[in-house]
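As written, the chains take the letters A, B and C, and residue 1 is the first residue of each chain.
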């Protein structure tokens, strides 16, 4: 039980670091000053979970948890250091973003299950937790959210979350194995999608209709 | 009484379908993949009501209502089918958007009245419910919200909502007639405004002052 | 005690007027119609405080306070009048924006202290109250938030807020003096930063890495 809690805590911290750094890198690219970078890191890291907690009407997780705030601060400092030594960090950013997506999707689903919500709503909460930090980050940077521009992003979150719920109900795999393997599946889908330029079929004509 | 409830339910479902499809069409225009389209549909359909419920501190309506989620899913599928057969859907989108605006404005005002709020706050909640789904949709698509670019949009919502409250307090018209006629008024204002290029007077010089 | 409450009320009203007018001016620049201008004013004035109250899970301040709504309406009308007579209002807008930042930062911190939160969280709430009205305003106008483009903005809020908390705990200055002087400090930092083009050091290479 305690081991399980430690795994969950480690997952939450890693996801927070991953998203904070993805926010910091994106903000540095737009030439924001250090406090601007810190705000984007913060929004990217806690945005999805904040929306989830507001929707669930439970206390917002970081309001009573200074550790999370310190972790985000340190992750932002780390991003400055990484940026200083390693100018070409596309692969790093991609991996962080993918791990954050997997980690936060599972946390969101778990919170939904704890509130006895319908599985469809739980998957929705998982997708919100996983995707909306990055969406808010990109809205603040005034660009179309990465999630809508890149291959198989929300799809990976929804697919991983659905599989997690199916295995939880219809298999005997232990919870920790389930958690870790779903996260790795989401990262794997994202990695293969980007490497081989997978795209979802669009089901509609791609001819431009002009601005409406 | 039961008839009244059925009318309200029908209004809510139609508004949801209208906004979900407006979101789906807009996302398809930006070449989003199916799950991206689904997310935009979802945000457009429930965004305004979600902000309203968070402000009222009541349970967010779709969290405990899987039917709404299924309706949005089906409306998105329907949008794909309509898009496949009818490439020129500007008029359809416009009508959906206008009906959604009217329908949701009235729902928002009703929720404000149920919470015993001041009439001015009720009209504000109606405008938020009617307009913020579309505003969030356009923010996610990284464009200036349609509501601020098009003729007489928020104006129609505020005017219709104010009239609804006035008639409710100072006339003997039945509630259902009041509801339906206010919605039709909002759609009518929007339609005439677009057809005859009505614009609100601006009350200020239109000379550009440059970017600040 | 009553004097202190009156000062706090005056601060809140002035901050509301300042942010509402900054929103109105920005919306007029984008040629919005009067109701569009009103919505932007409203969001700029109450946006930061609304997010703060949702995070704290306390009643959203303007929902039960029609006075605030009327003040925003009058501030918007005032902005139209000012715009009519004074076409070059850059300095006015800048001063309003800076005062709003200072005023709202302190209000946010006070609400955090009332809820017995950790000082770091209080400074975060102050920054959210001070900055997110302007951030939401700029998101609605589809531009990169001013806060990230202009010199020493969030920095002034965070610095002023931190000093306020330090002096509150480690000095014997009266509360009112503390309040007013912190606000003036934030305005001073902003004014000097803009006048002398202060910039935070960036701590990273400013060479472009291209769009990711």
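Brief remarks on what is shown
What we mean here is this: a contact is a pair of C-beta atoms (placed from the backbone, for glycine too) under 8 Å apart; a residue touches a chain by one contact, two chains touch by 3 or more.
Bear in mind that the values here come from a model prediction, so they are computed numbers and not experimental data.
Here the chain-to-chain distance from chain A to chain C, counted in touching steps, is 1. Shared numbers divided by all numbers used gives the overlap of an interface; between chain A and chain B this overlap falls below half, so the copies present different residues. Centre-to-centre separation of chain A and chain B, using mean CA positions: 30 Å. Shown for chain B are the residues in touch with two or more other chains, namely 54, 57, 139, 142. Taken together, the chain C residues at the contact with chain A in this complex read 54-57, 117-118, 120-121, 124, 127, 131, 135, 139, 142-145, 147-148, 152-155, 158, 199-207, 209, 212. By the touch criterion stated above, chain A contacts chain C in their complex at residues 26-36, 38-40, 42, 50, 54, 57, 59-60, 62-64, 66, 69-70, 80, 83-84, 87-88, 90, 93, 139-142.
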